[in-house]
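The next part holds the structures, each set out as structure tokens.
In the two complexes that follow, chain A is the common piece, with chain B as its partner first and chain C second.
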Partner chain A sequence: MVRPLTEEELKIFFAKLAKYIGHAIKQLVDRPDGKYCFRLHRDRVYYVSEQQVKVAAALPREQLLGMGCTFGKFTKTKKFRLHVTCLDYIAQHAQYKVWLKPAAEQSFLYGNHVLKAGLGRITEDTPQYQGVVILNMADVPLGFGTTAKSTAEVRKLEPQGVVAFHQADVGEYLRDEETLC
Partner chain B sequence: MVARRKSAPGMTPGFTDSNKSWLTPTEKKRPLFGEEEEEEEGEEEMDVDEEQLDGEDDGEDDDDEEEEEDDDDDDEGEELEFEKKARRTVARMEREAIENEKEVRELQRGDFSLPTAAELEEEQSRPPDISAVRDRVKQVVEVLSDFNARREEGRSRVEYISTLVADLQTVYGYSHDMVELLLHLFSPAECLQFIEANETPRPVTIRTNTLKTRRRELAQACLPPHPAASLRPRHLPSRTSPLPCPRFSLLCSSFLPSPLPLRLASKALIARNVNLDPISKWSKEGLQIYESAVPIGATPEYLAGHYMIQSASSYLPVMALQPLPNQRVLDMAASPGGKTTHIAALMGNTGTVVANDFSKERIKALQANISRLGVRNTVVVNADGREFPKLMGGFDRVLLDAPCSGTGVISKDPSVKAEKGFSDIQRCQQLQRQLLLAAIDSCNANGDNGGYIVYSTCSVMVEENEAVVDYALASRCVKVVESGLPFGTEGFTRYRTKRFHASLKHARRFYPHTHNLDGFFVCRLRKYSNDLPAQLATKRGDGKETAPRRAVEEASGGEGEEGEEGEEEWEELDDDEEPAPPARREAPAVGKAGDAKKPSAQTRKAAPSTPAAVSQAVEGEGEGNPSMKKKLKAAPSTPVVVVSQAEGGGEAKPSMRKKLKAAPPTPVAVVSQEAEGGGEGKPSMKKKLKAAPPTPVAVVSQEAEGGGEAKPSMKKKLKAAPSTPVAVVSQEAEGGGEGKPSMKKKLKAAPPTPWL
Partner chain C sequence: MALDVQALLAAKASGSSRPSIRVEKEDDLTYDLGLLYAFDPSPLGAADAESLLGCARDNMQLLSNKLYELLHAAHDKGAIPLPPPQFPLPREKPVPEAVPLTRWERFAKEKGIVKKKRSKMVWDEATQLWAPRYGFGRANNPKESTSDWLVEAKPGDDGSVDPFEAKADERKMRLSKQKKQEERNRLEAAHAASSRSSAINLQKDERRQYLSHSIAAAQVSTASAGRFDKTVANEPSKNKGKRQHYETATSSDDLRRDAQRTASVVSKMFPENKGLAINREVAARETRKAAEETNRRAKTASAKSKAPSKPGKTKAAKGAIVKSGKGKGMKGKGKGKK
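What follows is the complex of A and B.
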């Protein structure tokens, strides 16, 4: 059955999401352009408009494979894992960003961490272990991760030091097509 | 030149000297056949003197000198030097081309002779000499294109064709079935073109994802990010770039004023050394890739969902579908999502797109593409398309890109040409029919601006395209409408022995050799009623219990799928699983004089197993005999058979007209007598109708007197007919209006038609 998330699930999910977009979660839930909501189906969290929820509700559970935008899934241990499929929303609302030099794009898209050498820009005052969206210099979002160091520390970092840990990147559309959605 | 020499003496027999008395050769002119050959190159040059100056060498090497001299001599001086040169070159080339062609023709005519059976056998024992066979293919095709003139004495067309079939198999690796099918579809010359076009790949094209970027930006040269770019939220619309030039590859280096107010959401593909161009005028989203230094399916732009790699032909069904914002759209066979995402993009991510696919494996690719391209209005379902109406209905638009034999995409998947055969095509057709009916059933005819179904396949076979649509026309309340595509060849309305509904000309076909697209078929259907044709007929019948209606009910009771449809005036009866090709009154082919033979052929075919609606035009100009009138009167609100005739002819008696008018808008089966000229319902007509095989129609028009009581015998017949799609029996279209007695026989004699 497609169902709304329980209180507990919402807590875990929002806690994760807030690492990247902070209070902007509110903007996801209260949208001016229609009613949108989060729905759980087969351990996956979907961000869907009411319109599609209605359509999906009419379908048999086994045959419904997806709807709207997949945000991620709950693991068996009830942790939440964000998928790269929600990148657009994260990129739109993220407070902290990391830009990659063109030369470092490819490496990141293969699933590697962001090194100081490949760092183009970084938002001022980014704290350590903060969820960030990672873009290339043309502002195309490529994925997201968490910072390994705060902005101040990054300045002092040696070229091979890790700036941000890789969590998800758009290369997964090719690498992990099977498990993504 | 050889040709010329030959032709000169050849002309003499036809040459008479009768005008010698007054016709004298001018002295200035050169002798007709002497020097000409030497000076051929310069023959048509303007200046004879100048021509003679360098008449001896006459080669291209001193063209320049020629020019200069030419210039000096030129008094007018109006033409520039290069213009003259160009004109001369063009003229020379034309002449040469004509001559070459002549020579080639003559050589061919002289040389080519079809190998005998013994030679062929001998040839088969050796390994095939591909290039020789290839030449032979060309020559046979040449001969076949002008068979009467070029044939070898005593060899029949069949021999040529069978050699061609065998040779095409050897050279291009097609299966026998495939070659046969293609030769049915095309003329030999066109078939060869098609096959050769399949040997070369189609250009790689990408479709810009308008949800995330615009074509120009995708193709745009990479600029240093504008200071404002990073500050502007991604999803705010930005101003369009003022660049006037569409040729992006030219743009990349030179012309770019630096602070362009572009949203640089996409880094340029050109910056990645991709050479591309807009696809053509008909698509605003397509880009054609000429060459690329990077794999086009793995650039960051691709991964970020700025474009989809998609063949140009697959834009067409979506363009024909014309989805509007906030509609409910169903894509019945959606994987891998190229069309689904295109639909969503056209709808601007509003409304709902239900993307269905039968294969769970393929759905993974579909889902990945949907997410990658940022499409949020889809619901992905894994169901059997044939069962889909049971799950959900009420869609405004339905796209069915049916699974097919893939004969249009042989260049992509060459295994098709060797592996597919008649049976595969037939199997596909069966599935396609079921899917199309399911697609139509999922569609809601009554919605605002809704009720459109687009059927498309990547096959060129008529069996999988027109035949399938024609079947749907007979069993559902749909009609073919203009597809709204700016190009493409018309669909077939006649193919070998089959005759399809005339409106199928609105369908569009695309071929590799004519359009440089994959072979494709697109047909746009409009559903005008949610009822089955049978139900519609009953509804219009005002609930009066009349014989024809009972007949209809009985007939359509067995199967839900086939029904009788009164209002659109075509019906079909079907007494086994295989539906007979329906013919319809509506079809101009039936009513029009020019197509006289077609309907009758069909009629005969359809007759025995399919009761017929006897067709004619309904303009009310029919001239009925008195008895006829009565009958029409008698069956007021039932499926009524109107006997009338087509444009040309018969003046209806006023009384008749009235009656026709008076008849309430009921499902009307029309008895057509003829289209032109004749058509007075003579007494003989009655007989004929009687004679016509068991049709509800016949009942109405003839025996249904007094509220449609059929004669017992008739009733029986009707009962015997299980389901009702009714084929139209048009009696004849041209001239001879009166159904001749022989007609009767014909109808009876016609064998049941196997319908591929």
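What follows is the complex of A and C.
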């Protein structure tokens, strides 16, 4: 059954989401263009308009594969994992960003961490272990991750040092096609 | 008239077809009368059936004579009092373990309360007959009695409570309490048994059940009934076994509630009066900048003071000169030592 998230689930989910977009969560919740909400189905969190929910909720649980935009899923230990499918929303509202040099794009899209050598640009004053969106130099979002070092530390880093840990990238649309939904 | 008893007996013995109780044999048997046991150490002469049978009869006769001696000495002639056995025989089965006492039995033992034997039959007032205390056709059976079809209201009663129902409820409570206590006794006994020997699987199962029961009890045994307690690692959930009810995705009430909940979670995460919240990173950066600024100012000030300048221009300059002067003095001392 499609259902709203409980308060605990919301807290866990928003805590994870806030690592990437901070208080821009407010803009996801109150949208001027209609009522949107988060819904839980098969442990996955979907971001859907209320009209769409009404249609989706009419379907039998077994037959409903998904609706709206998948933001991620709750693991069996009740932690939340963001999926790459939510990249559109995260990239719109991201506070901190990392830009990749064209040479490092492919490596990242194959699931590797971002190294200092591949780093094009990074937002000023990015703290350590901050959720960041990773873009190419043409500002196309490629995925997201977590910084391994703060901006100040990155400057002193050797070229093979890891700048950002890989969490999700658009390459998953090909690599994990059957599990991603 | 004197009777020749010996002669009479001899005549009787010779006349009777049954063998005599007197045995023409030396009594060298070892006895353990408690076990009705006799042992003949003398070697067997001939091994033919007749002599064996005769030997067995004689020995049996000797043993029964001994037993009759005991009967002769006893006060009660109805039974032979056997002495305690001397020969230690091994048990067939292990010694049964002591049955663990229930809570009441333990308490009674402590207080020295002894159970009184009650008669099986009691006097039934209604039928004016003796009837069993419990079971079929028991005396003073409340279900059959015609006396309590009416309950008199007490002065304080307001008539809101059905007295019959209240009585039935009370009985139900009593029964359930008893059942709970019995269950507790059983579990405690199982627990005690399992702590003695943990070999049997069934006991292990019961021990697990006992553990989970006691954890569940401990979880709600704090001042807040477990509401504000920190959960320990791997602690079982408090609402285990309780079915969680979720809201529907579409009903308008639930939609409203969901929106409210989402808004409240967001507002708690990002409070409106942001002035109170401090970003640690930003604050650290600001203090670092401020410290650098003061350092730089101090440096430039000391550099200025080193250069020859007219004393007594400003307060700050004066201070700087005094400081540098001291430094020069120390330098001079060092040179002097050299």
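Criterion: the second predicted complex is superposed on the first by the 181 of 181 C-alpha atoms of A that agree within 3 Å, B and C clash if a C-alpha of one lies under 4 Å from a C-alpha of the other, contacts with A are read in each partner's own complex, and residues count from 1 in each chain.
What we mean here is this: a residue touches a chain if its C-beta (ideal position, glycine included) is under 8 Å from a C-beta of that chain, and two chains touch if they have at least 3 such contacts.
As the structure is a computational prediction, the values presented were derived from the model and not from experiment.
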item	value
Chain A as common anchor, with chain B and chain C clashing or fitting	fit
Which of chain B and chain C A:L10 touches, first, second, both or neither	second
Touching partner for A:A103 - first (chain B), second (chain C), both, neither	neither
Greater chain A contact set [chain C / chain B]	B
Touching partner for A:E178 - first (chain B), second (chain C), both, neither	first
Included angle at chain A between vectors to chain C and chain B, based on C-alpha centres and rounded to the nearest 10 degrees	120
Minimum C-alpha spacing, chains overlaid - chain B and chain C, in Å	15
Set intersection of chain A contacts, chain C complex versus chain B complex	56
Residues of chain C that touch chain A when the two form their complex	246-250, 254-255, 257-259, 261-263, 265-266, 269-270, 281-282, 285
For the chain B and chain A complex, residues of the former touching the latter	222, 225, 229-230, 233-235, 264-267, 297-298, 300-301, 303-306, 328, 351-352, 354, 360, 363-365, 367-368, 370-372, 374, 376-383, 391-392
Chain A residues touching chain B - in the complex, by the definition given at the top	47-49, 51-52, 55-56, 58-60, 63-70, 85, 88, 91-92, 105, 109, 136-142, 170-171, 173-174, 177-178, 180-181
Of all residues in chain A, those that touch chain C in their complex	1-7, 10-11, 14-15, 18, 22-23, 25-26, 29-30, 35, 37-39, 50, 53-54, 56-57, 125, 127
